[in-house]
Every structure is written in structure tokens, then in C-alpha cells.
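All chains are identified by letter, namely A, B, C and D, in their written order; residue positions are counted from 1 within each chain.
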């Protein structure tokens, strides 16, 4: 329920206008219901947090653990995990600063589910990777730099 | 009727296999049988694709000798004659200018493209240098088939590549890039100038990457 | 915020570090970093998706003859999949040929299902029935996971193909003068950050040969050994090796026999 | 037609850990094909998992989730024999649900 409220509060109108202006709309013609388009068009951690509903800038927290390799031999698949030990964590997002769309994934954490998720993401280049967690109405982050290298013959 | 895949392959290698069976039964094949079978197999297996034509399987004397050696060192005399023949192919820069632009050289060293069947004709090739060598220390993704070239010029005391003291190492480096087999008959390194992989100007730029005191390689 | 962590002491330590013989230091941490990256991906190899699909395809009635592959003889008798992968390539009496897994699948798909083997061999990787083969090889190789390679050398043609494979392995040609051995003939070599197994002996042969088919992270596809060899030849700047051609099968025999005792981890996860 | 997911769910103590592999292109919309034309984005946008009808994970994904996606999560409760269902929807409107039994 909380999720629906959250999504409804997103800046849908702005996002639509933006999409039309940038000519992005055809590719996104059939967005799934409830998909937070504005959040997935954000270019930075701060923008992503804002689009997710944050009213103030996220704060770095030691209780949020980000698991990511220091070096990726291929940017197409990078395993990233985030674990929040902050009480009442209800959302965890993964953000790649230098990706064309900074927000990679956003998980809702229902009561009873561990605030600990991992997935594989793509990285276009070396970049800071962030875990972003929502607890109560506050947002927290953890950061790690992941270097993307060229693996093979390159031919 | 189309011949099936199986039949095509059978007919190609069949003759050699048949000959082999007449002469020996389940013992190790003779060197001659292996050579004949290999030739048949190569002929039936490869075809041209894009710019990669079948003449790429025609070996010159160097590649012939090194293929036959199968990883073992060549006979000393044979090695020497191959090296001498390759040394004769080295063309020094037409204008006497050995060094170009090191930053262009870095791009060439990074670029591993060129001359595959998926490459188009007429495009400039890369040098693939980082595939095998460490070069500048900023690039962490480097291979180890060849030796590290980090500090290449510095370690060899090249403070002014134009000076007479530097001449021998500058000449050698040019020759090595042009035709690596001039110094090591079965070197794993391509013959960049001799095989027209890199242009004279591209070789100048790679020379600068290795020998220019201002290149990051020599910092 | 982050920068304040680097007080003068930390900075001094960093400077001291960089005074160490850097190539060695950088290389070690890079190697460790890559090892960490691979370890993290070990759980959740997408090759599993292909294994499941391959098993379904093996059992499904398909092709002009509307038959499954369940009577296909991969060398251990009709329908026996378990353990077949680690004994291929081998000699088959019905075709009078030494065949690798994919060559044999072509035979079965033609004889049992009525597909044209020649047509499939001509189809580009990742398209049409080549896509079915990707999944089939994932399934078949997975059925021999953790088993030791034991590629037979009892038939005269198997012995001949080993020797031909060795010749092909060391054949230097093309504008770059490369052979398979240029990259895979010595221990502890790398191209860029990629470790290059020495395929002339154990343990390199088993590690290299025994990892394919594999899910390739860079292309997001399952690559069979045929596709692996095809791309090696492309990068070797050679002409195009025919799909399941004798040169590729001979190489399979050479690498497979050299892998004796090595354990198959296929389908693995590769860069 | 999409291919089935691979779902592994294991109960240990009071916790169930779920690992899911999804067969999907996850086309980023950034890639160009051989002819130089941009390949349009095609990716899973919503994915969720239920245990005995209760949502135990739900996520929104962008184009940066890797091809053939992997996701791991865990929740309190669940015992051997219980059913886990995972569903996704992509930006083409395609949907798929697969089930697995907790081991």
C-alpha cells in the first residue's frame, strides 16, 4: 500500500514532459503499471532519491553495507548487493553514478523480508556505485568505486 | 540433392584416412601421414570470409619453420637464417624521423582491432600492444605474453632519442616493431611494418610512446 | 566528506605505497580484484537457464520427422547423456568419423529429427537451430559436471586426429603470425587481464577445455566450444573455420586428450 | 514466448533464501545493431515474489539490470514444501510467473 502512495506522489507530469522533449517516449511506450519513470531517468544519487520521494539529501551511513567488486572484468555483469542494518528499512535502491540512467534497481522491503538484496547490474564505465536505503522518512547511502576494465583481446 | 554435412567432410578427408588404414592398423600414424591428413583437413575446414582470404594459410619460411618446431626451439643455424632474412625486410623511416606523437601511440597501443574477418578493408588497425605488454602504468589491464615495457626508454638510458648515444636502441626498437622476427625467429610478436599492420606514421607514434622522455611510459 | 578520511597520515601512507615497485603491486591487487569479481558471480550462472532449456529440447519431438533426441548416441549408447561429454570427441562407427559434441548433435538432428546438418552448420551462431544447439550443449555438458575427462585414443582415427590437432594447434599463419600456441602454449600468461590456460598439458588443458560450453558475460550468450574456437580463429586473423569442421574437431581431440584427468566444470561462466 | 525462470528457495532455520535467474534480453536501448541502428529498450520493469500469497519481494528495474537477470533475497518464515511464486512484467507488456517449492 505504501508503495502505491509513494509512486502516486512521483512527479509524473514533469517526467512526461521531459520524455517528450528528449524524444525518449517511444521506447518507453508501454511502461508497466506503477513503474517510477522519473526515478529511472535520474542522473545522480540526489536526483534518484528525490524522485523516490526524499525531501532532504541522503546521508552516508555505516549501517548500510554495499557489496561490489573493486574491479569488474566486464561491465555487462557486476554483482552488487546491499544490506541495511538500519531499523525499519523499507526500500533499497542501487545507483550507478555514471550510467546514462543512474538508478539501476529499486527494491521494496516488506515486513519480514531481510533488508539484504543482490542482483547483477551493467556498468558503462568505471563509476561510483551507491546503495540507497529508505528508513522511516529518511534516506541513507553507502558508496564504493568500481573500476570497469577491458578484459580480452579487444578485437 | 544437397550433400549432407557429414558426407562433405567425409569425402574431403576420406582419401588420406583410407591411405592411412592400408599402411597401418591402430598404431601411431607416421609423420608423413599426419602431414598429409593435416593438409587435407585444413583445405576442407577453412574458407574465406570478408577480408580473411585463404592465402592467410600460405606460410612463409619463418612461419613454416616455427609451426613445425611445435613450441620447441629452432635449430640455431635455421633460426639465424630466418632472422637474417627478416632483418633485410626492415625499412627505416623514409624521412629519417623515428619518433612521432606518444599520445597517438598510446591510442594505437590500446586498440586491438584490425584485420579480422569482421573488420572492413581500409580501416586503420590497432597495435594490440596492451594485449601482451604492460606499457604505461595507468593502464591496469595489460597482458603478460611479452615483457613489461614500462619505463622502456628510461631503463635503456634514453634521455634524448635524437642523440648519437641513443641511436642503437632507437634503431633496434624501430626494427623490432617493423619485423620482430629479425631478432627472434619465432617471436610471438606480429611483424607490424613488414605485414603492413601499422603504417610508418603509426610506428613512429608507438616509438614515441616507448622512447619519448615525456611519454608516461618513461615517467 | 569522503575526502576528509584522507588526513595527512593517510596521504603519506599512500605516497609510500606508490614508491613500492608499482607494476608488481598494481598487478597483484588487480588480480585479486578480478578474483573477487569472479567469486561474486559464481552463484547464479545464467548457464542454468540454458541447461533447463536444453533438457526440454532433448526430450521434445521436433523437426521434419517430429522426433526427440532421446535415441541419439553420444558415444555411450543411444540416449545415454551422463558421462558422454567428458569422452568427446571420439570415433563413431556409423559415420566412420571422429566427432565432437556438436558434430555429433548435427548427425543426430539429421538422422533422428530430419533437420539438414549442412543447413545448421551454415547458420550463424545465436540464430535458428544454432540457438537450440547452445541449450543442448549446456544440458549435455552439465550432465558430466565434476567428472574427469577421458577422451579415447584407442581407434587409429582418434590417434590420427590427435596428431592433426597438434599440427593445427601450432600452425602459425595470417598477417599476425599467430597460432593457438601463441596464447595457449605456455603457463601463466594473460591477454589483457584474461588468464590464458596452457592447453598443451594439464592442468591448463582441463581448465581451458573443461570450461566450455560457458555463459559469456561479455555477449550474454551461451558459447559452445565451436563458437569459442571460431572466435579464437577470428582474433587469430585466420580464414573462417567451418562449423564442426575436421580442423576444429582435431583441436578438440588434442585439447581433450591433453585434459585427461581434469575435471569438467562446464557450462562455466566466462568474461 | 519467454523461457521459464530458475528459482531456488532454501529454508534454513527461520529464514528462506531465494535465488532467481530470469531469461530476458534486458536490452538497454543504448546498443546499436550491426547496421548502426539503435536497438530499442526491452527490459523487465516490475518483478515480485510471493510466499503463500504474501509479497516477500517486489522491485522495479531499469535498463541497467544485466541480461538474464539474477536476484537474491531472503525472508523470515517459509518451510520445505511451501510454494514461492515469482512474476515479472516488461516494457512490452509481456508477463511471466513461475513457481518453485522451498527445499
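Just so we're on the same page, a contact is a pair of C-beta atoms (placed from the backbone, for glycine too) under 8 Å apart; a residue touches a chain by one contact, two chains touch by 3 or more.
Keep in mind that what you see is a predicted model, and the values were worked out from it rather than measured.
Chain pairs C-D and A-D differ in how many C-beta pairs are in contact, and the one with more is A-D.
Inter-chain spacing, taken between the CA centroids of chain C and chain D, is 28 Å. One inter-chain figure worth recording: chain A and chain D are separated by 17 Å, centre to centre, where each centre is the mean of the chain's CA atoms. Once the centre of each chain is set as its mean CA position, chain B and chain D turn out to be 47 Å apart. Computed from the mean C-alpha positions, the centre of chain A lies at a distance of 46 Å from the centre of chain B.
With touch defined as above, residues shared between interfaces to two or more other chains in chain B number as follows: 116, 130-131, 140-141. Residues of chain D found to touch two or more other chains are 66-67, 70, 72. Of all residues in chain A, those touching 2 or more other chains are 71, 76-79, 120, 147, 149-151, 153-155, listed in ascending order. Taken pairwise by the contact criterion, the protein chains fit none of the simple patterns, being neither a path, a ring, a star nor fully connected.
Chain pairs that touch, as defined above: A-B, A-C, A-D, B-C, C-D. Only residues 1-2, 29-30, 33-34, 36-38, 40-41, 44, 191-194, 217-218, 220, 234-235, 271 of chain C touch chain A when the two sit together in their complex. Remark: chain C residues 43-44, 46, 48-49, 52-53, 215, 220 touch chain D in the complex.
Those residues of chain A whose C-beta lies close enough to touch chain D in the complex are 3, 26-36, 39-40, 76-79, 81, 96, 99-101, 103-108, 110, 112-114, 116-124.
Within the complex, the chain A residues that touch chain B are 71, 147, 149-151, 153-155.
Remark: chain A residues 60, 67, 69-74, 76-79, 120, 143, 147, 149-155 touch chain C in the complex.
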